[in-house]
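Shared between the two complexes below is chain A, which has chain B as its partner in the first and chain C in the second.
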Partner chain A sequence: MSEELTNQVKELIIESLRLDGYSSSDIDTEAPLFGEGLGLDSIDALQLVVGLEKNFGVVVPDAVVGGQVFQSVRTMAEYIAEKRPDY
Partner chain B sequence: MSLVCFMFPGQPLACDAALPDDIDFADIAGLVKCRTGLDLKSFGRSSESNYSNQVMLQLLGSAMSLYRLRNMRKTGRQPDVVAEHSMGIYAALAACGSLPEAEVLELTWRIGNCLAGMGKNQRFAFGCVAGLTLGKLLGIADNNRVYLANHNTSRHFLLSGQLEAIESAIAEATSQKAFSTKIFPSIAPLHSPLITELEDQLQLIFSDYSYQKPHCPLMDHLEQKYLAADELAGFMLSELSRPVYWEKTFRALQFSGVESFLEIGMGDSLKKYNRWIEMEPSPGNPT
Partner chain C sequence: MILYNSLNLFLIKVFTILVPRFFHPLFALFWGRLFYLILPQTRRGIRANLQVITGQAAVDELVRSTLYMYARNWCDNMLIMRLRGPQLFSLIARHTGDKPLDDALAAGHGAILVSPHLGNWELGGLGLAEKGYPMNILTFREPDEKVNRLREKLRRERGINFIYVDRDDTSPLAIIEAVNVLRRNQVLAILGDRDGSSHTIRLEFFGRSTNIPVGAAYLALASGAPVIPVFVPLEGERYATIMEEPIHFGSGQSHSRSIQEGISEVMRVFERYIRKYPDQWYNLFDYWAVDKSEREKEATCLRN
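Right after this comes the complex of A and B.
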């Protein structure tokens, strides 16, 4: 998994969730996205599902998969890399 | 001209944040104590879902909105337009000068207590569903005899009804691959026709207050019209038994020239709904 992909995921999160004032360096690759960390909720998660599909062509089919994918920036990037090896 | 809208969210479904500790919140808590006898500051992070806690959550929602409104006023911010979601209407009345703060809090508490009467012998709940389309959601509601309570965006909905029916509806939504689902206890089947059994009692409460003419436009979430003083009581009664149409309301506000939306209350759900709605093409402007 490349650092470039990790940064692309962080940019996706910032853009999709309109995290004004955030830059990629403000988001910890390993930190939980929900609860502590960025404190995202289910509304944010659905927004990220759309963002992943639109920006990477990767589908998160249901909540079970979503729960695994949206644990952290790293798990999101790993999921993209698994589904789209060209990234 | 770019307009600023103050949006007042509805009742929080849970309280997971620390309450403010300053003179304004203490003052508002004092108004709550004076008008209701309840100690807002003792309401912590209890996970209990008993009826008194549910009424307290409603009260806390109004109190926090009034607190945020005070903060906005201190910074010189004033709304050009006011919008409300569900029970956010009560605090919205203070923003428009239609009711004083103390009466807003008292009204919230009285309505909460009246609604709680329904829950003495029956159990009710809300079901949050995200990810399904409206068509699928309405099918699930019909199948399980529950009601659409909030149409927040094209993919974010709230169902209302009896607890067992909501549990069944949520199970069906999950089986249909809803992206997320959650059940919250409720004192009453808010925003559903089941509320009409309380109509006479609720009407008496709403008619106890003298509503002043709103000094800035107040948009309702049912018809997206601006409310006049003599329409307020009727609207508040009607909205308790009908769904909240937030997506339509947001689009109507945008159409009327609002570009800046500030959420005045607990959380940021409305801001997030708006973000979703803005991502999608408007039905009248498919490009």
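Right after this comes the complex of A and C.
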């Protein structure tokens, strides 16, 4: 998993959730996205699902996979790398 | 509401087994009047709501009627658990047709049905499932687990899928499941008039600035599904099932504007039906009280 992909995921989060004033360096790669950490909620998750499809062509097929993918920036990037080895 | 627990539901169920529906109005009249006398906070809450809806000060007859209709609603809810096919549909006297839903599913993006807490929305969902529509209900989990199990049993027997949203849980699981059922071109039903989540926007509702949930709008934008307002009011002794024209989100506008305008349109349709059936809007608490206290806080902050 490249650092470039990790940064692309952070950009996706900032863009999809309209986190004005944030930059990639403000987001911890390992921090939990939901609850503590970034403190995202279910509607934010929906935005990220749409963003993953739109920007990376990667589908989150169900809630179980979603629970694993949206743990952190790292798990999101790993999922993209697994589904799209070209990234 | 404290009345919504498994013991009470069991007693109502036994009652509906023993007593023919013809006699239910008498029972409902008795319990409606009793609730009116012994539940002052509920009475005051309903009165406050009806004063906003009707614009009149004297609404006590409507308050009593609301409690009567609510008792009838619960009798019918427990009754329809045992009814299938023609027996279930015999409770429906007027039906506006399913064309908006059929058109939405033909387009292939699923459909989001939204209803206020008005009339017997359970009957609406059961009726559509009985007709073979792939139904999914996005709902809160009730505090009494026996009630949850009862609801699940009833709906699963008819092939209705549940997606639970936890009021305090910020997990993304439920919303992902919800958007995926729309992508599978299925139907998602939501109650859309009560603020139960963190995602709301302030909109005019009966002339008051109100926190309105916008989950349906986000799901519509994510999936391309239209939002179809639906209503199942009791008219006389039987129900009407009404499907309004679909509302489409995101036709070339900005994201936030699309949400605001689309949900405002849904609220205008809700207002029309709540005005028509004010005693079947089952928000048995002061609906605008939270907003009042928020407005007071905002005003205090502004003054300071």
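By our rule, the second predicted complex is superposed on the first by the 87 of 87 C-alpha atoms of A that agree within 3 Å, B and C clash if a C-alpha of one lies under 4 Å from a C-alpha of the other, contacts with A are read in each partner's own complex, and residues count from 1 in each chain.
We adopt the following convention: contacts are C-beta pairs under 8 Å (C-beta built on N, C-alpha and C of every residue); 3 or more make two chains touch, one makes a residue touch a chain.
Just so it is clear, the model here is predicted, and its values are computed rather than measured.
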Max touched-residue count on chain A (chain B vs chain C) belongs to chain C
Is A:Phe34 contacted by the first partner chain B, the second partner chain C, both or neither? second
In the superposed view, which residues of chain A touch chain B and also chain C? 41-47, 49-50, 61-63, 66
Quick one: which bits of chain B touch chain A in the complex? Just the residue numbers, please. 128, 130-131, 155-156, 174, 177-182, 269, 272-273, 275-276, 279
Residue ranges of chain C touching chain A (in the complex, touch as defined): 165, 170-177, 179-180, 197-199, 214-215, 218-219, 221-222
Parts of chain A lying in touch with chain C, wherever the complex brings them together: 34-35, 39-50, 60-64, 66-67, 70
In the complex of these two chains, what residues of chain A are touching chain B? 17-18, 41-47, 49-50, 61-63, 66
